[in-house]
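Below is one structure, written out as structure tokens, with a few remarks after it.
Chain IDs A, B, C and D follow the sequence of writing; residue 1 opens each chain.
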Amino acid sequence: MTEDSTFMSSPDERGRFGNFGGRFVPEALMPACLELEVAFRDAWADPLFIEEYERVLRDFAGRPTPVTPLDRLSERLGIRVFAKREDLAHTGSHKINNVIGQTLLTRRMGKHRVIAETGAGQHGVATATAAARLGLSCTVFMGEVDTQRQSLNVFRMELLGATVVPVLSGSRTLKDAVNEAMREWVTCVDDTHYCLGSVMGPHPFPWMVREMQSIIGREASRQLNDLGVGTPDLVVACVGGGSNAAGVFAGFADSTARLVGIEAAGGSAVGKGSPGVLHGMKSLLMQDEFGQIEEAHSISAGLDYPGIGPEHAHLAESGRAEYYAIGDEDVIDALKLLSELEGIIPALETAHAVAWIVKEAGTLIPLGSTVLLNLSGRGDKDVAQVRAILRGEA
Amino acid sequence: MTEDSTFMSSPDERGRFGNFGGRFVPEALMPACLELEVAFRDAWADPLFIEEYERVLRDFAGRPTPVTPLDRLSERLGIRVFAKREDLAHTGSHKINNVIGQTLLTRRMGKHRVIAETGAGQHGVATATAAARLGLSCTVFMGEVDTQRQSLNVFRMELLGATVVPVLSGSRTLKDAVNEAMREWVTCVDDTHYCLGSVMGPHPFPWMVREMQSIIGREASRQLNDLGVGTPDLVVACVGGGSNAAGVFAGFADSTARLVGIEAAGGSAVGKGSPGVLHGMKSLLMQDEFGQIEEAHSISAGLDYPGIGPEHAHLAESGRAEYYAIGDEDVIDALKLLSELEGIIPALETAHAVAWIVKEAGTLIPLGSTVLLNLSGRGDKDVAQVRAILRGEA
Amino acid sequence: MRTLEAQLRALRGAGRKALVPYFVAGLTPDWVRHVEAAILAGADAVEIGIPFSDPMMDGVVIQEASLRSLNAGTTLDSLCTDLASLSTTAPLVAMTYYNIFHHYGLERAAGKLRTSGIGGAIVPDLSLEESGEWRRACEDQDVATVFLFAPSTDPERVRLLTGVTQGFAYASARMAVTGQAADIGDAQRVVETIRASSDIPAYVGIGIATPEMARAAAAVSDGVIVGSALVKIILDGAGASEVESFIASFRRALD
Amino acid sequence: MRTLEAQLRALRGAGRKALVPYFVAGLTPDWVRHVEAAILAGADAVEIGIPFSDPMMDGVVIQEASLRSLNAGTTLDSLCTDLASLSTTAPLVAMTYYNIFHHYGLERAAGKLRTSGIGGAIVPDLSLEESGEWRRACEDQDVATVFLFAPSTDPERVRLLTGVTQGFAYASARMAVTGQAADIGDAQRVVETIRASSDIPAYVGIGIATPEMARAAAAVSDGVIVGSALVKIILDGAGASEVESFIASFRRALD
């Protein structure tokens, strides 16, 4: 669906973006990955499929999401900031774009069940939602620590008819939820699609999820033109696995805009990582000197991941995109600032991107610049956590 | 802005819709009500104001919200149900439409502060949001019982820079929050606008709020035409004060559609009320044999109000709209049904309208009918409460 | 000119500043004795607050007193029955919210006031614009309809209001609900605008909490209304004799 | 043909069903003694599990054992050092995830295996398509690259995989991660498809938990791999002698 791009083109036939990507999965899963690639290529070239995907995004998920000029923040910072409002998409984040595509694909492949991993629960809720709509059965794997931190999201998934399985292995967070989903997938790959939540995992997931998220960037580019802004100087997005960033970058990869991804300092695969293989992909990973994967630690469950999607590793290596990290300490202030100045409470994940913009306005971001912030999700899910932090309880 | 309508026209010069409405306020507030009426008439006739109002609704609040065909529910019930998705509007309900209009009007009147009442917190959050956007200071009155039941919404308002005042008088719920907001307004009417949250209160509020919500009905009518559905057989909305219902009804008042408002059985002003005067208006109220106002009791804080907007009293009396009540016991099932079949967790308020549709499909709603459900808000705010109920803790 | 206004004009004619205490009817079983004690101590007229569930123009003291009275079972009928035992003929003025009369039936309510010896009524949430029916009902029963004048009321509206207010003009000292304040606020200005278009007696109320404030308010008007400060001592347990000495202290300040 | 495969073909040639127990290296300080005990009891070759933080193809037992071993400080280097004390020359095959070798450096890792007496490696998350570099590195060091065959592997892929697997073909009995199962699942079918395109020894693994299951699996293949069931008893505290009798019971079932 995306036009041919110099900087964000399709991966090669092995699923590589430059030196990263590929398909590092157990043989048991190889047929499913190959089948998925064929099915995706076929669907993505089918105007009827695209039409349904876009119709559901419009009539069900509320696309296009608007681009909001953030006037008061802009005035405060001396730059012009615009926000692409993925927080307004159904279920509260960009995650819905991807799951609508993947659940339609699931049905098209004749499968009746989806499984998914989730950290904070956003991707889990989105998957449960899209599955409910199509009457697919749905199981979501969630680290036990996260099921406790985000118990309301667990209940939301259950209300939507999904089964939530607490993952007791490893650090009991997102990384382990992926492991467990992979383990489950091996046992049921015949009738079950693994609905991965970010631009990670084995080929074709990183590419497919980017394509399904690229609607963010395509819309935003058109909307900025309509607003008379044209090409922004910077496009800024937070990066966990990297799906919202990849989605918005895709609309600007061949423009003059600087592409900036913001990681959590405690989950900074570009900043602190090195090449490695995990969860089916070769990418940048936080790992110790022996190649054991390190546990990420971030205030935001959605960025609490030691890796990054392989296309981002490639964009970093090729220099097309820049990646910076923001520590927990700056995140709450940024969340408060956006809330108070603009009436938008962002997700903690998104607040990392806000924090970077606030911090770098006038330094890495020259005064007067035009900045597109991808506002990947709303903060409702985080309000209890933020309150506890501000009250010194967490 | 609405075309001249036979059934939902402007009130007369005293602010009456038939036998209801008017302006029953202390003399201290009369000048403010008169000033507000003038300012509203002036603004609402000013294309520049309308343009800004519509632009903010589009670029900030995410309008138009889509109309979603609810295919699986329709199949289950043997009718065709479409949902107008106010749950996708910024802050999660239709309340934002009204507060964007009123805060723009506040600025236009040269006032620098807004106050508001809130029940569950949706209107409070919306007001705090719209105020933040314009840099207006904001105080929200909320019954102490509700501040405890909805403590996260209190914190959301605080994050948005608003001050939340717990109301200790009376039943410590919505009715008392209105009283307290009125008391406060008397003391600061010079520089403060009272941003009322529903189609209630003294003239011009019921009319103004309906006008500011009528965008729901105008959009929906156009969207149903675009979908090839045309005029629905029924338009169904839940009714607390009645703003989402009035907003959606406004788009269909002069059509052949039956207009149906659903009250909570424990807050049923049409079903159990009689004419009376409260909160500045003459309307239908739940009251005892001595004219003391009764406390409403509903599972949903937003319908927990003993009155109804005066225009609804008029629509009921004139027979143009029908009103029914749904008891708490049917609400949870309806919420679960919509979640599981359609991937949309509705607000408890909205779930009343869903419950009525489910209950009456095939009886009061003939099989094969086309029904537009106004999906006034999302259920995220209610998830903790629903969980407690289902676990038998509440 | 009807009874209440004639009585109050006569008072002014006699050079006396009117002292009008406010009681919440039914707050205590012996509330009528409190009324008598106040009159004994020099009150010239009495406001009889009829409790309403949603007293939108009242501060915490009167809210609480209203609630207590309602919980004790007070109704319009019950308090009128209570008043039958009142031993004086001082002018009485009801104060309540419109829904009470609306629900009772306007003509029936006005008749009830009259037969209970109540010569006027203050209905703070009944705006001039909505008052027609009520005024007609009261007219028939010789019940004066007393209107409030606020600091926010512009001269044009003052003219309209003085045209309809009967008995007296209730001058709000401030933009506030009932309660105890520290000064007499805008009392002088409000009274002056009233006097600019009418010679009806103008009484100052809302926030008059001490004899000194009462004296200051009376100096620029024809009398004062003392509400929350009085209700507060009754809420705190004052009996008839404390009410008497409380009112006496205001009387001394006014004379 | 290189060393490991020659050894295993020789075993088959001798009419013996191969018994290949799996150990998590470093799980206990005396883990090498466990390996020796197993060989003493009749194991023909041993899988040396190198613990990885994210064992995506392993069930709870091996997950837990890996974690314990990592917490005890096990690394590729440390376990190779441990192996220096191993008193036998039975064939050893490493099993771990690709990142361990990738991070160590492929050539360096293959060299390390060889110098530590490890003649092959199973890397479950290394797909055929991604295995080129690793196979080249192993080739140089005479380390066999063992590939897995799953029930989902179609005949076309089986042909490709038999073309590259060395030492033996690892036939997964089922679509599942490691763990203890109740039957031998699809073992027969998987082995048959392997045999249809290659005569390399085919061993059945994944879920073989009892001597009876081992016998059944061996009846349709050339040998069995026993993992979780063994690791479980070590996790539960078994020492070398229990390991010995555990393996002996499997040996008896196979012979």
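Please note the rule applied: a contact is a pair of C-beta atoms (placed from the backbone, for glycine too) under 8 Å apart; a residue touches a chain by one contact, two chains touch by 3 or more.
Nothing here was measured: the structure is a model prediction, and the numbers come from that model.
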- Item | For chain B and chain C, chains touching each | none
- Message: By mean C-alpha position, what chain is farthest away from chain A?
- Response: C
- Could you grab the centroid distance between chain A and chain C? Build each centroid from C-alpha atoms only and quote it in angstrom. 66
- Task: Could you please state the distance in Å, as a whole number, between where the Cα atoms of chain A are centred and where those of chain B are centred?
- Result: 34
- Item | Euclidean distance of C-alpha centroids - chain C vs chain D, Å | 96
- Task: Give the residues of chain A that touch two or more other chains, as numbers and ranges in rising order.
- Result: none
- Message: If a residue has to touch 2 or more other chains to count, which residues of chain C qualify?
- Response: none
- Message: Thinking of each chain as a vertex joined to the chains it touches, would you call that graph a line, ring, star, complete, or other?
- Response: line
- Pairs of chains in contact here are A-B, A-D, B-C
- In the complex, go through chain A and note every residue touching chain B. 58-60, 62, 65-69, 72, 85, 87-90, 92, 128-133, 135, 152, 155-156, 159-161, 335-336, 339-345, 379-380, 383-384, 386-387
- What does chain A use to touch chain D in their complex? 14, 22-32, 168-170, 175-176, 179, 182-183, 186-190, 274-280, 282, 285, 287, 290-293
- In the complex, go through chain C and note every residue touching chain B. 52-60, 63, 67, 70, 75-76, 97-100, 102-104, 124-130, 147-154, 157, 161, 172, 175-177
